[in-house]
Amino acid sequence: MNKRSKRFVAVMITAASVLSSASIAKAENVTGGGASFPVQFLTPAIAEFNKTFGHNLTYTSTGSGTGKKNFKSGTFKFAGTDSAVGSKDLPTFGWTYIPYVAGAIAIAYRLDELGGATLSLSPGTINGIFGGTVERWNHPSIANDIKTNPTWANQKKKSDVRGATALWENISTTSAKVTVSMLPATLKSNKGKKIEWYNDKTKKVLKSLTVGSKAEVNMTSRVKPTDTFSIKVGGKTIATFKQVKVTLPDRAIQVVYRADTSGTTNNFCQYMKGAVNSDWVINDAFQSCVPGGVTKFGSRFVGQPQNNNQANYIADTNGAIGYAEVAYVTDPTRASKGIRAANIRNAAGAFVAPTAAGYNSHLAGGAQDSRGLISFDWKQTTNKTAYSLGAVTYGLCQTSSDAKNKVVAQFFEWMLKDFGPKNAEALGYTPILGASAAKGVDLAKKCGAG
Amino acid sequence: MTQTQITTNQSANQQNGETSKFIGLETQGVHAWFGKHHALSNVSLRFPERTVTGLIGPSGCGKSTFIRLLNRMHEFIPSAAMAGSVLLNGSDIYAPEEDPAMIRLKVGMVFQKPNPFPAMTIRENVLAGIKLAHLKRSNHDEIVEQCLTRAGLWKEVKDRLQASGGSLSGGQQQRLCIARSLAVEPQVLLMDEPCSALDPGSTLRIEETIKELAEKITVIIVTHNMQQASRVSDHCAFFLTDGGPGYLVEADATRKMFTNPTDSRTADYVQGKFG
Amino acid sequence: MSTVANAGQLTTAEPRRPWAVSRSKRLLGFGRMLTFAVAAFVATILTPLANFDGWAVAFLLINLAWVIGIASKLGAKERRDAVLRVVITSLAVLAFVPWLSILVTVILKGYRAVYPGYFISDMRTSTPDDELNIGGAGHAIVGSLIMVAIATVVTLPLGILTGIYLTEVRGRLTFLVRFIVQSMAGVPSVVAGLFIFATVVKSMGQYSGLAGGLALAVLMLPTVSRTAEEVLKLVPDDIRSAGYALGARQWRTALLVVLPTVRAGLSTAAILGVARVIGETAPLLLTSLNTNGFVWNPIGGTVASLPTYIFAMFMYGTEYSNARAWTGSLVLLALVFFFFIIARRLGNKSALKANANRRK
Amino acid sequence: MTIVETPEPRQMMVVYSRADRIFRRIVTGGALTSLLLLGFITAFLVMRSAETFRQFGLDFITGSEWFSAGEDPLGGAVEGAVEEVDESVFSIGPMIVGSLVVALIAMLIALPLSIGGALYIEFYAPRSIYRVLVSLLDLAAAIPSLIFGLWGIQVFTAIGVRWATLLNDRLSFIPIFSVEFENFGRSPFVAGCVLAALVVPITTSVSREVYSRTPRDLIDTCFALGGSKWGAIRSVVMPYGKSGVIAGAMLGLGRALGETVAIYLMLNLVFRYSFEILDSAGGNVASMIALKFGEATDKEISALIASGLVLFIITLIVNMIASSIVARTTPRA
């Protein structure tokens, strides 16, 4: 054996030992796949799970339909889906649904003329835009929504306190709510300091709180449209809100939809049909769910494959609007290009931002059946905090006793109890909480239980 | 036209190896066609043993076709046909029960362009026939040396037997091809214009080789070159065509053909009056 | 004669190249190009032309204008020649620009996520959005190589047999086989994927490296068969005749003489086939899918591959995942180039080279 | 001279020994595998798409609507949801037309570039970089289309949109350059440009190959007769290489028609016949298959396979034309 081949063998042995040590004994290879909607939640979850428990779980985003078919044929040990399993895809073996995470779908847009202000849209306007009747941004229905929900914009480019942010929400034309949220480190270093809602014009403190252990605190106050307000932490300003006069430009609206068939589209269409206009058709293809189809709109409606391309296109195009899972909209790279998520008016008449809290509030108003499926209630006329547009995504697992199924059970239980509540929100998703989570854990325990 | 015969003055001689006794090679009324084209008509010839027979004649007179008929290489051309018989040791090589591969083993061939096997070394080239025909030989080194010596190449290549056959000069390559043909111990060696692609120096060497070979085996050589025919051959056969199929004009001892031919056309041709 | 005597005395001749372009002329040409480049830059500022592509167009137009301008001084023939020269050079530049742009893009965007671990670690415990010095594409590289190996093992014998059939055996179906092989080169890759999905994946009940390899084999077979045929055709008939004349049977001639002669060429055929299929994405999305970890078992479920890895990283849609996608592209391109260079070197070594040249 | 009767020719058949016959049988078997494979693929496509063709007939090819009724979506979260009447309609007319349009755009751009590139390499490039150029060209032909797609969407789209805007500004009076909506990013034109970039190396490579086989003495003769380069190229090289260039173009066209990933990323698919090439609305069969596959119902999968069959037949025809041109015109050695 010459020197070079000796070195080669040495390298191979090292590589082999590295690889074998990575796959600890009893580690299970478990393959699953399906819906692309939860991918940005599932990917970090799986990485963390594999790291913690030493297994090798894989999830490939193939779309819910393929996921369900592969689950039925046993090709996937577990699957993810945003919709119920159809009669043709019902597996012949024992199986169960597990609701494990949800996510708000944002109406994402970019309109530079707004100067970063957040748009508020009523269901009627959304119907007009996505149904093709509202063609330009200065359409009266959009202007009207702004009038009923004046836009307050943060004038301060950068918060003076690192890791602390403030969010403004209108409660009515004369009152507003401010939510201050802080990262754990910021919370620690600012403990005991005062959070103040300060009126810059009258130089008065409207509300004041002390930084405690809660990462998110709310303050509500009456406001005058002409005043300017600062939110301060320990005397340092983190945001300055001012009602901005928005002049809507005479610019064409470019609707950007998902070109591929997807559960996101399906859930968007469910919302449109349930909460907005019953003419909509529930379908995985956007072209098929708009009343009358999009063909007649030609290139004014543009399809993009996959969430990220759709979100990129909106972020790159002034005047574009579309729908996408929140995680793809709040991403800093795209946000810096000017993509924003609109507030949507709910059945109770309030304009709500696509947050985990808002969507959870909406889900809490729905019902859950014995299979774990959560149904939406579009008519929650008293729930002012609900953000109604979103999707719940389910895991599918086999109940037969099998080491791999047990790993799947462990995985879903861990996500519901541990990973989800801790991380879902930061990843742009909505954790399943409360009774639904308890039900989910029960269902997860059925996997591999025999 | 009278049938021409070259009679042998030597009796059939014993050959080495497992091959059957060599009685002689002769053709009887051989014709050849390419599709509808009648290329060669009615050639009857007998080749004296351990001599060199030169086949001469102008281009297109069917010499090459004829020589390829002698070891069944003719049939590789699609649409080729023949008539008559070619007798090797008294039996027709075109008889249905004859195995062409066995015929070719007894009747070797050297081609116009040197064609050593490019992927083989000089040594492997010499032994190629043994390997290809699946012959059982144990004395490989001996065969290599013997064949290369007979082909007049041994001194030049003995130190680089492992070099590629393609690394030799054209003349050396052709001698390598001769050595390769000798390794399977043929009774007859056909040479189809073996020097036409070579320079005069190499040609001379090959001609010497041919003369030496004829001490042991029968050589049949097609050549365009009158000087070459007169230098190397013991007998000559003159082919001609009048636009139709080629035919044999006459065959005789070379000296007679070049000095006192029977047919006037032969005289004209060997004197270079046409061709 | 005196002229002859003079000629004889010229023993030390200086080598000269009267046709060469002089130094000053070259400098002049360079200066002219520089001037045009600046002019083109000015044009991009003053006209709607923008960016590098606009500059290039302006540059070419100015060149063309100059040639037509000076051409008025020339005869009709020279004028046509000069214009043709600029037009053809421009077209050639335009033909090469996209691919150079791709090369530059892949390198510039791809080098970010390169670190030694990229080649040996997988994504089992890391996310596409993690720091770029965590995780890697080792599993995808291994998966790609396994699938390509399967495709090669399946295709090479079939391709070579087809090549031998077309050149040595030449049976009754020669025309049909050649025709079908050429037609198969046009099977859209997504159709090949659908076919293997419906047959192999469905019957095995799982996605697998084997299925992926077979899908690639469908796409690779025509390339290999055709190249094999081309290479075998280059073997001069003399060589075959020499084999037969030595008393060899056809099969021994084919296997012991013809095939060894084109060994290098056949390796080239295989490698060209590999280079052709290693970047195929669509069929793998339907047959082998993707996974996060190393999978060595070709029938043990989903397997990652470089194309599906790149695709998944790109679709994940974050800054870091995008960087990973480009690094994957860099690795993929490097692999393709690597195979190509091997093919080239083998091709150059080919014993047939000399023969092929002689034929020309 | 006695006239010799010419005997009947004895037809000669190459007789093979047993070993040879076995060898030939094995080789033939290997070669027939390719035939069988293609047969299997075709049979599979025909079988799996039969349902679709039975239901929609020719409308599948001429119609322009694609609607897949989903299977009881989550909205009705009740056990055993009611099966509705299946209203699915599948037809791919605009996708076929769109595939042809994009491929034609690609070829129109690629062809002059390829011919120019090939002529440059063979007749203008300095000899010192000739080999480098040829190698680069072959390498370019091997770049995976996925990378073209990434490059297209992240680098080229911006450039393509600028060109499209310019074309639209100046030439919108020509119908194909007019747009309904000023949105050029995902138009057949931009996608066609990327496809052209993908096809150029292939067609250039083939053309160059053919040009390089132009007999040198013909060109030299041309020069010796006082001809210019222009004359040599026009009167010797171009006619000699014409069929090769056409064959190369057909190969490129076949590739352009079947391309999936690059188009998947670059083109907005709309089920409507559209010939406005700057408008972000086009069609493509291959990428439609990829787009619809993930969430497809069983019936939709049959329709997708039927689309695959149609695409297959189209590319097959193109390739047949290409190979027959090649077969007819390959210079005989």
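A, B, C and D label the chains in the order they appear, each numbered from 1.
Note that a residue touches a chain if its C-beta (ideal position, glycine included) is under 8 Å from a C-beta of that chain, and two chains touch if they have at least 3 such contacts.
Please read these numbers as outputs of a predicted model, since none were measured by experiment.
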Intersection of contact sets, chain B vs chain D, gives C
Check: interface with higher C-beta contact count, C-D vs A-C, is C-D
Averaging C-alpha coordinates per chain, one finds the centres of chain C and chain D separated by a number of Å equal to 17
In whole angstrom, the CA-centroid distance of chain A from chain B equals 88
In whole angstrom, the CA-centroid distance of chain A from chain C equals 43
Here the gap between chain B and chain C, centre to centre from mean Cα coordinates and rounded to Å, is 48
By the touch definition above, chain A meets two or more other chains at residues 36, 62, 309
Multi-partner residues in chain C (2 or more other chains touched) are 249, 314
Two or more other chains are touched by the chain B residues 76, 101
Chain pairs satisfying touch are A-C, A-D, B-C, B-D, C-D
Listed in rising order, the residues of chain C that touch chain D in the complex are 48, 50-51, 53-54, 77-78, 80-81, 84-85, 87-92, 94-96, 98-99, 101-102, 105-106, 109, 157-158, 160-162, 164-166, 168-169, 171, 173, 176-177, 179-192, 194-195, 198-199, 218, 221-222, 225, 249-251, 254-255, 275-276, 278-282, 285-286, 307, 310-311, 314, 325-326, 329, 332-333, 336-337, 340, 344, 359
In the complex, the residues of chain C that touch chain A are 120, 122-130, 201-202, 205-207, 289-295, 300-302, 312, 314-319
Within their complex, chain D touches chain C through residues 16-17, 19-20, 22-24, 26-35, 37-38, 40-41, 44-45, 48, 112-117, 119-121, 123-125, 135-136, 138-140, 142-148, 150-151, 154-156, 159, 162-163, 166, 169, 197, 200-201, 204, 228-231, 233, 251, 254, 257-261, 286, 289-290, 293, 304-305, 308, 311-312, 315-316, 318-320, 322-323, 326, 333
In their shared complex, chain D is touched by residues of chain B numbered 1, 29, 31, 33, 38, 41-42, 74-76, 80-84, 94, 96, 99-101
In the complex, chain C touches chain B at residues 236, 238-239, 241-249, 252-253, 256-257, 260-261, 263, 351-352, 354-355
